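Dumping the structure here so I can ask a few things about it.
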Amino acid sequence: MPHTEYLWFTTTERQQFVRITDQVRAIVGRSGIGDGMALVSAMHITAGVYVNDWEDGLIEDFQLWLEKLAPAGLLYRHHQTGEDNADAHLKRTVIGHQVLVPITDGTLDLGPWEQIFYAEFDGQRRKRVIVKVMGG
Amino acid sequence: MPHTEYLWFTTTERQQFVRITDQVRAIVGRSGIGDGMALVSAMHITAGVYVNDWEDGLIEDFQLWLEKLAPAGLLYRHHQTGEDNADAHLKRTVIGHQVLVPITDGTLDLGPWEQIFYAEFDGQRRKRVIVKVMGG
Amino acid sequence: MPHTEYLWFTTTERQQFVRITDQVRAIVGRSGIGDGMALVSAMHITAGVYVNDWEDGLIEDFQLWLEKLAPAGLLYRHHQTGEDNADAHLKRTVIGHQVLVPITDGTLDLGPWEQIFYAEFDGQRRKRVIVKVMGG
């Protein structure tokens, strides 16, 4: 049977990227699944999950780049509902909302620089990521 | 064994987003799989599948934003083959071509605002999405 | 049990897209898995895997478009570490770093034009893609 856990986040900043490789690895350990895949998927539509480098400069590059591609503060139609976070929906679309992490020999089968990140674009409130592990 | 069904679409507009959460939920119900994942993947390369908000203003924001990132009507090299839809290939790349929906306790394990959409960028003809459910 | 193989690439160009549909199909054949899914995922964070058209003009369109969205040669913060490839991290984020290919009746269940590509953005050195096949 698959093994499921949820990670909760309340970021201190509205936009904040959090490395979660270790939490995902621990969940895979608890699952007892030695070969398979772990789905790591944001359950809120203004946050994402992605795999890339654990380097502060690059993380800043990502954030500046996403601001250029999907700026805050434009006259989005979504804001006529009272919301102010349309850009967060767009940014999470670029970064991706889920990843599937391979598991081999009882642990995450990642390349040398692959790290899993939670990307929050409208934070400072409780939000959730599902981790579901499948395999044998 | 996995359970597979196909969804067919012939949109009335060339570009049109269609909510498919209910169809995917029904397929998962028919699969008899209570814990696992459902792959929902566009089988044509000018359409996508994504998870985001069911709000008309935001859907318009998405479409205007994709038009800005990947405009129609440019002198694309792909058009030398007689095609006129290079922008549709690019737009579907931004929005994503597939999602993996977790299944827990016999139904879709989605966050409060997560909805699954089919994003058509070159429609008005019959196109297909595969839904494949795996688990136990 | 899942079946896992790795594909190795050393591209001749720094940026190069390589069609890998046939290699993935062969791995699925060797897996003996007749119904399920194959995860195809880049293990390096400056490369991606995507599904789209096998047409040289469109591939050039993709590369020019990614250069516009995430240009090389800007003053990225990541380059203060001595790196010069921040744009490659961003480009791979747009194109996507993994795909999940459905398998039905013993082979890849792809639409008429779907082809799997490895997208290298910082090549000319040995890099790896994992292919993990699951199902029954």
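Each chain gets a letter, A, B and C, in the order it is written, and its residues are counted from 1.
Throughout what follows, a residue touches a chain if its C-beta (ideal position, glycine included) is under 8 Å from a C-beta of that chain, and two chains touch if they have at least 3 such contacts.
Note that the structure is predicted; figures quoted are calculated from it, not measured.
Among the remaining chains, those touching subunit A as well as subunit B are C. In this structure subunit A contacts its sequence twin subunit C using mostly different residue numbers, the overlap staying below half. Distance from the subunit A centre to the subunit C centre is 20 Å, each centre being the mean of its Cα atoms. For subunit B, the set of residues that touch two or more other chains comprises 69, 94, 96, 100, 134.
Here subunit A touches subunit C in the complex through residues 35-37, 50-53, 55-58, 60-62, 65, 69, 94-96, 99-100, 102, 104, 109-114, 134-136, going by the rule given at the top.
Remark: subunit A residues 1-2, 4, 39, 41-45, 69-70, 76-81, 86, 89-90, 93-94, 96-98, 100, 128, 130, 132, 134 touch subunit B in the complex.
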